Structures are given as structure tokens and as C-alpha cells.
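These notes concern the structure reproduced below.
A, B, C, D and E are the chain letters, set down in written order, and residue numbers restart from 1 in every chain.
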Amino acid sequence: MDEGFIPYQQSLEDEEQSIKSTQSVIEQAIAWFRAHSMFVLAYGTGCGAIEMPPTFTSRYDIERLGVVGVATPRQADILIVSGYCSPKTLKRVIRSYEQMSEPKYIIGLGSCTINGGMYWDSYNTIKKLDDFLPVDMYVNGCMPRPEALIEGFVKLQEKIRANSSEAGYIQYRTRYAHYRANQERLFGTQVQPRYEENFAGMNL
Amino acid sequence: MMSYLEEHYELIHKTPRLFALHVTREQLLDTLHQITTHTSFDTLSQLTCTDWIEEERFELGYMLTNALRSHNLMLKCSIARDKVTMPSLALLFAQAEVMERELHEMFGIGFEGNETLYDFALEGWCDIPPMRREFDTLAYVNAHYDFREGREDNLDVKEEIKKRKAAAKSAKETPSGA
Amino acid sequence: MERKVITIYHGPQHPGITGNMSVELDLMGETITRARTHVGYLHRGFEKLIERRTIIQAFTIVCRICVPEPDPNEANFALAVERLAGIEVSERASYIRVMVLEMARLGAQLLWMAGQSGSVGLGTVGQWSIYDRDLILDLFEQLTGGRVYHMYIYPGGVRRELPDGFLERLSALLDYLQKRLDAYDRLFFDNASFQKRAIGVGVVRGEEVLRRGFSGQVLRGCGFARDLRRDNPYLLYDQLEFDIPTQSAGDVYARALVRRAEMRESIRILRQVIAQMPEEGAIMQKLPKHRKFTLPKEDTYVAVESARGEFGYYMAGDGSEMIRRMQVKGPSLIHAFSLLEPLLVGEELSNVALIMNSLGICPPEIER
Amino acid sequence: MLLLDLLLMLLIAYGFGFLYYGLYRNLSARVHGRFGPSLAQSFSDSIKLFVKEESTTFGWMFYLGPVIMASGAVLNVLFIPFLNQGESLQGLSSYGNLIVVLYLMVLGPLGNALGVGSSGNPFGVMGVTRGLTRLLALELPFYLAAIGVMIDAGSADFGIIMQAQSTQSNMFAHPLLFAAAFISFLGFMGKSPFDVVGAPQEVYSGPATEFSGKFLALLMSQSAMFSFAKLLLMVNLFWGGADHLGELVAKTFVLFVAATFIGSVYARFSTVQSVEFLIRIPTLLGIVGLALL
Amino acid sequence: MKFELKNSLAPLSALSKIFEHPQTLCYPEVKSETVSGYRGFHINDLSTCIGCANCQDVCMNEAIDMIAIDKDKNPKNNSGCIPRIDYGRCCWCSLCTDVCPPDSLKLESECIWADDDANRFLYQPKDKPC
């Protein structure tokens, strides 16, 4: 473990180089459009929702990157889980995530989604978000600054353009049993509609 | 306003604008009735409960404030920690209904006359009421959630110091002994 | 002809909700027949966590209780600990605390304006007011090192000295905000279509408004000039002169006008603080080590006027270094239940977001 | 030859529709004091939505709803002539007249009602009922103004209407009629204070709540073309049409900027309020305008 | 409600904003300069850190682990351990920097980091002389 954060930049570039050669031009074009037009679901789940207004309005204006807030999960591509998440909120977050149409991504804000944050010993918050949902990008901070949130979107754009095969929504389909087991451990068995009915026919 | 309270109840002066008085569970309703009619303390601004587990009692605090919001009066009423219900104030104060719902869920205190005692913050909670002192939140967390790995190489600094001192001492003896 | 009633959730995932809570509405057409508020989405069990932390450790978690305006929580916590432990705070530290509280109030009012105008579709006001609030957050960044969560008002004083040139930058910002408030008057408060939407909606009147424990703009909107900064003064508010703006109509527009006047009052207070701030004075009292800082077996009640109403803290010590019990009562606990539910009956669905923003309902402080 | 003409008109409407939609986001961003997205952002949004998968479908009527709306928008574009004389870009206007276009403008909300009705989402149904009640009130002043223009020109045919304005365009000849038509034009374009149909703070985005993926892309494209058609209609009826494409773009741009700026500084009326407002002042203007003909 | 012309036309004055320069900080292109004293990532001067674990004791999030160091930078470091911060727990309250006796643990103002692998957030403070 050398000091600071391992430089994330070049680890992504060489991954992109290796994938770019295998992608056809059309796939690269589609990935470009997906990266440059991201619809975020208007759902402030935790205290990070206080840093979204400055990011989406005139001070930091994330619409320059093509990011717009939309009202319903049907129209959304990205779900921002902003900070801690109580089981009651997690049920609604999972339901919203499952209603979104693919390809869909999750951004986890703050340290509470990584390892429990400062509510690590609270009986009513979940500790690791990626036990229950596939998280595509974590943004560090308590609460992350608008610039950090934009940095998260920029890195997510690179990841979308890289069109990597283990993106979040693919993992949610392939490893659904793992996520389902964790969800049932928390909520009991009969709560959620089983998500896999509507991808039963698809080739995983 | 203060004169009425002085003669009728033994008042505790906590600060120039904060008073307290103890009342038992039976006298609660008519004391409240007397206070709200004779003095200007007619608004319930907070309903608190402190769990004194070693003295086996819940101490309920009815925070009253006057119409000018300049003084506060704390009505403190101690009850046993379980199987005791309190009279509901939902008819006297509309805001008491939600406060009682919260205390019912967090401490398990029953309030007769308050029909809306359904769940306030926790959904599908099947453990003992969480704010009671005997509920250990860390044990609950370790039972229901698991943390991220990768932090096992934490060392206890005191043992390390002892080990280094022992190593340093043994290093000093061996050259002399060798 | 039996009218069909459907139940919808103005739910946690909704652009028109002021945070993460939901209102269950029974609708006949678009008219609401019954409303029930559901909270608990943001419950983290603050009071349980505080019983596991020493006082200085609990100080850092307290400001996370209410997100739009964290500073009244820090001030409440510091005042309660100082009253129980008997700590005296220097005058300069009290002046800095008043400055921080008034700057936070201005930021919260600007954030309210964004929510209120968003609920009637006026996006432009929200874009401007959140930019102006961000200028205040820049000053907080230089002063405390944090944008939203400052962790600055410490039991016994404040944690850092003012950076040099801070008061000049603050008064420059106040002049800029004074001009901005006139621009908001033209665009938002005197906007004919906002007046058409806001006048006569969500009316709170009547004598028993005081008995039901409402506070803040709800009281001042229907004629009662109640403000804890003057009725039950704390810190140095009795040495500053400011007046309490009130309106008489008691509807959404009256509460908006009250907030408009309060923003100018906050600027006036901040100017007095800049003028009267003493130059020297210790900003922090020496406190014992955090494992040995104990509170006596005493309890007290402290209340601070936040941008939305009275924020009350009950705190009880038990002689150990941990706080025995701390209970927080924000204004939204009363406004969201015993006021919002009867107020929404008979209203149109399009007025739900309008009324919720006007009452200043902030869900994290309801269930903590 | 006609087929080529129709295709060219559709391409122009599609291109300008998205250009204006991108321009709308940029202009309102500048009023907000920010840069806003690139002009082609709306175009890339619709392409992204085309390659997305829909999360749910509610039977064949749910499919047909957006198709009917798109057909309403396309027919509107084809029946309104782009230029006021000459052979090219006349479309089907020789086969129809102003009354046919006014009838076709109702097709969109009708398709919307059918599609959303089959989805059964309460917010979608609420959005559609709001749309239909507001449409009722919007049509009143617009039809008065249209009748005034037809009486003044003596016929409902676009060519004659535009010929009659060769000396002085209707906007200056009958200012009251233009004012009534412009206020209801704001409503047709979905600009505040009449954008109650898809108000996100109230009914999640109204009729478009259930549509996702390709449906949403179709909705975006047809609303872009439909708004270009309405701009075209206003220019033809009240500004004497356009001799060449450049003049057409200039005139539609002016009307578009006026609508955008008004839309970004006014709050939104509720459904009842917008109906009450539209019945009083714009209708009065229309009646007085008719009397002064 | 009577129809006041003044109130209906007042909002149009807001359109003068289009002539002013937009007030946006374009983050990815223009990196805004960081404020001195902003609570960002940790830095720890290993030459003065004595491995006393005061920071671990005061941190209520239990975010700080004391891990053994390979190269012995500070002879006075009698426990041979230095702090490592778990950024899945830290709340940047900087209580640890207040209680650090040799004042070796500090917060720099660099604070922007996004990553798609959650296990990369165990942060080893950079060794910077403060």
C-alpha cells in the first residue's frame, strides 16, 4: 500500500486501450452517447442531497456534462445514494433501482456507503452499500464537495465509455443471488418482488 | 405567574428562566390542568424521557413554555421501567400525539387514549425498543450487518511498546551475556 | 354517485418533497381528503449514538442532525454542555458564534427560497439563490475548514481564530447580498403569478396557534411576534437591536414576506456584529482531556431560534464522561404532523409541495 | 417530387426542432447565470434514449399512444407550408387548410390520453386530465384569433391568408388578435405560467411518467417537431409567412426567444387558475379583436 | 385578485442576467484553487510521529488503525506503528489533529477523490513535513 491513493488514472487508460480495440465503431458511438447524456434520478436519500443543489444549479452547473435531473426511475440512468441509508430507505432505493431501465449506474456518495461512516455503530443504517446494490462509483468525502461529485461523474463517464463488461447493472443480473441473499437477511423473505422474473429469459 | 407556582408547588429554580418541579404519575393530569389555567405556561414544547436504568425508573419530562416563549417549566414524572402506562395528553395538546408515538416506539411506554401509537421511525422492528439502556446497538450491528475487510492488521500500541521494551532489554542483556 | 378515492404517496422519491419523507394522500380527483405523514427514512438513532461517545466526540456528530442549517445544533449542544459543566465563554467567542448563526440563517433562508420557488416552477430563483448561498459557504470554508458541516462551535468557545481579512470579506458579501435581495423582490416576491399561487393557500390562523407549540415563521406569519432571540435571549442577542417582522394573513405568501424581512434583519445583525466584535479575548477555554471531561448529575433545557423555528435540546448528565440523555426537538416535528396533516385536507395536489416548503419542514430533524 | 418535398420538410422540422430545444436549454441557462449544455445535447439525449431498453410495457395500446402523438406532430408539420410562395416546401397545404391544422393539433393530447390511460399510473392519468382541461381553455382564444384571421383574409387556405398579409402582416394590423393567440401559444408550447401538465414537483412528469427508453425518445422527437410546427403556424398566420428559409428561421427564432424568456421568469399556475386566466383576459382580447375587424 | 400591471412585468427585469458573464466554476476544465485550512486528506510527518495512538483513541468512528511501519523513520517512535485512516469511516472532524502531541498529523486541503473499487479507501497519510 504505497502512500495516498493508487493513481486511478492510468489503471483506467490501459483498461480502455485493451477494450477499445475489441469494440466496433458503433459500440463506441453508443457508449459515447450514453456517457454524454446522463439522467439522474431526483431522489435525495441521505444528507449528501444538500450538495446536489449547488452541483445542479448555476454555481457548478453539471448540465455542461449532459447531466440532468429527472423525476421518475423510468427515465433515469443514474441513481445517487447520497450518504447513509437506513433499511426503510434501502427498500425504496432498491425498488427505484429495479424500476430503472438498463444500462443503469449507481454512485455512492460519502464514507457512509463504503464502510458505515460515522454511523457505523447505529442500529438503523446499513454499513456497506455494495452488499445490497452494485455500486459503480464511490465519491469520497463527508459530505463530498460539488467538485468531488463532478469528479465522480467524470470518472463514471470514462467507465461508461470503456463499456466494461462488469458494469453494475450486468453484475446485478449475474450475481443476483448474492444481492438477494443480503437483502433477505435484512428485510425477511417475502418483502420485495423478485427482480429476476423479468430477466429470466435474457441470456446473462 | 411565578407567585402561583411558588406557593402551590416546591419549585426548583434551575436558571432565571428555567424551572422544574417533580410530580407523580397520578397528580400529572390535574397539575397540568392547574398550571395551564392559572399560569401562562400553556404550551407543551417537548416531551422527553431519560432512562435511569440503575435506579430502575424512566424520568419523563414535560417541557412547558409560556405564551411569550420567555420562560420554560419542566414537569418531571418518574415511573417504573416497564408495565406502567401514562395518561395521553393528545386531547390537551395536539402536538403531544406524535411525541408520545415516538416515546412509545423508542422506550416502549404505553399511553392510554392515544390511538395512533403505530410505528414512528422504525419499520418492521422486532427487537426491544432501541433507546432503552439495555439495548446494545453494537451487538445488534454485529448481528445484522458486517463491515468491510482489510483492517485486520491493526496493532495494539501498548503491547507493541511492551514488546519493543522487552526486545530492547533482551538485546542489551544478550551482548553482555554472549 | 360514490366518488372514487385513490391513495398515492407523495413519496420519498419525489422532486417536490423537501428531503426524504413521504406524505400519504387520499385523493378524490386532485383534492386531498386525508393526509398522513410518514417519516423514519433518515433515522440514525443519534441519541443512542451519543450515549456511546464522550462529550467532545458527540460534538462532531451533533451538527449532522439538521442538514440545511447545522449551526443551531452546534450552538445548542455547546450552550447546554456549558450550562451543565459551568464553563464561561469569552465575549469574543460569543460574538463569533452569533456571526456563525446569522450567516447559517441567511444560507438556510436562501435555500428555502430555492425550494419554495421550485415548488411553483420558478427555476430561475433557485439557480440564483443557491449561488448566493454558495458564496456564504465559501466564507464558512475559510473560517471553519468545512463547507456544510462546520464543527466549529465547540463547548467552551470556537475552534479557530478568524482568518485575517475575514470581516472585510464578510461585509463585502453583505453589501452584495443587500443588492441581490432587491433583485429577488422583483423576480419572486412581487411576481404576480407567484402571488396568485401563494395568497390564500395553507392559512394558519386563530388563537390556539400558540397553544399547539408552533414556532418560527408559522407564528410570525399570523401576527404573533415570537422569536427566541428576543423573548428568551441567549449568547449576545440582548445586546443587539433588531426587530421581529410579522404578517397577519397567515398564508404561504405571508410566511414568504416574513422570511424576506428576516433576511434583511440577519444582514443588519451581522453588520452590528462586525462593528462591535472585540479585538482580543480567548476564543477557546481550556477543557480537560476528552476521557476526563465529565458532566454533573443535572439536566437542563436549551432552545435556539433556527431559520425554521424553535430548536430545543434537553440534556441530562450523570457524572460520567458520557451524556446520559440528549433529546432534540426540531420545529418540524410539530409542523410536519399536527399542522401539515390538517392543513392539507381540502387542498389541491399542486399545493402540497408549496405548503411543505412554506412550513420549512426538514425531515432529518423529525426522527433524527 | 412531392415525396421528396415531404421528406425534406420532415428533416428540416426534425433538425430545427432539436436545434431550438437545445437553444431553449441554453437560453434559459443564460437567464439562470450558467453556461448550459451544448446545442446538440437534446439530440444526443434522444439518441441515448433510442439505444436504451424500456423497463416495462403495458400492452399494445401503450405502444400506440406515442405513435398517434408522433403522427399528429408529423401531419401538423406537413400541412403547414414553410414558404409563402414558390413550388418547394409547400407540403400537403394545398390539400388542407387552417381548419384541418387546428383539428390536427388535438391529435397529440388524444394519443397521449390513450397511451397513458392504458398504463394506469395515477400520476400519468392526472397529468393527462390536466392536459385536456388546459387544452380546452387554450383553444378558446386561439380559435377566436384564427377565425379573425380567416375572416380578414376571406378564406381558410394558407396561401390566401399569407397573400392578404403582403401589405401589412396581421401582427400589426390586428394586435389584439395576435396578443390573444400569443398567450395561448405560450400554453401550447408548454411554457410557464401554463406548464401545469408535466409539473415535476406535483405529478412526477405528468403523462411521460411511465414512458422509458424508445417511447421517451419518440416523445422527445415528436414534441420537438410539434413545437417547430406551432412556431411555423404563428409565423404564417400573424407574420406573413416567409419568402425564403433564412427569413423563416429569423422569424421563428424571434418568437421562440420571446416564449423562452417569458417562460423562465413566471411561476406556474395551477390547473384551475390557468383555465380561469385563459377564459378571462385572452378571450376578451380575442372578442374585442374580432369586433374591431 | 386585481390585476396589477407592475407585478406582472416586474419579473421581466430578471432577463438582464443574460448580459452578465455566467457565474459557473467549470470544474473539470478549471480546477478552483483550494482554500488553506480546508479539512481534506490526512498528511503525517513520519519523522516526528511517535506512534502514541492518541488519534486512534479520540476517533469515535474507529477509523484509525495503527499499523507497523517497515522503515524506521523516527527513532523516538517507540511503538513502531503509524496511523492509517479508513476513509469509509472518517468524517473529517480533525479531532485527531487536535490531540496529536507532536502535531505530526495534519489535514491538507486536497479533498477530491472518486474510485469504483471500495477497498481502495484505506488511506495511508502522505509523509509530508508540515
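The working rule: contacts are C-beta pairs under 8 Å (C-beta built on N, C-alpha and C of every residue); 3 or more make two chains touch, one makes a residue touch a chain.
Keep in mind that what you see is a predicted model, and the values were worked out from it rather than measured.
Graph distance from chain A to chain D, where chains that touch are one step apart, equals 1. Listing every chain that touches chain B and chain C alike gives A, E.
Of all the chains, the one whose CA centre sits at the greatest distance from that of chain C is D. Of the two chain pairs examined here, C-E and B-E, the one linked by more C-beta pairs in contact is C-E. Per-chain CA centroids place chain A at a distance of 23 Å from chain E.
Measuring from the averaged C-alpha position of chain A to that of chain B gives a distance of 38 Å. Chain A and chain C, compared by their mean Cα positions, are separated by 31 Å. Chain D and chain E have CA centres that are 50 Å apart. The set of chain C residues touching two or more other chains comprises 14-15, 40, 43, 45, 48-49, 52, 60-61, 124, 127-128, 131, 149, 187, 191, 193, 196.
Counting partner chains per residue, chain B shows two or more touched chains at residues 121-123, 130, 135, 137-138, 148.
Among the residues of chain A, those in touch with two or more other chains are 42, 57-59, 61, 64, 71, 73, 88, 114-116, 118, 120-124, 128, 142, 145. Checking each pair of chains for touch leaves A-B, A-C, A-D, A-E, B-C, B-E, C-D, C-E, D-E. Considering their complex, residues 121-124, 127, 130, 135, 137-138, 140-141, 144-148 of chain B touch chain A.
Interface residues of chain E, counted against chain D in their complex, comprise 3, 11-12, 14-15, 17-18, 20, 22-24, 26.
The residues of chain E lying in touch with chain C in their complex are 1, 3-4, 6-8, 10-11, 13-14, 17, 23, 35, 37-39, 57-58, 60, 91-95, 99, 107.
Interface residues of chain A facing chain B in the complex, by the touch rule stated above, are 87-88, 91, 114-116, 120-124, 126-128, 131, 185-188.
By the touch criterion given at the top, residues 14-15, 17-18, 42-46, 48-52, 59, 61, 63, 67-72, 74, 93-95, 97-99, 102, 119-123, 130-131, 133, 135, 137-138 of chain B touch chain C in their complex.
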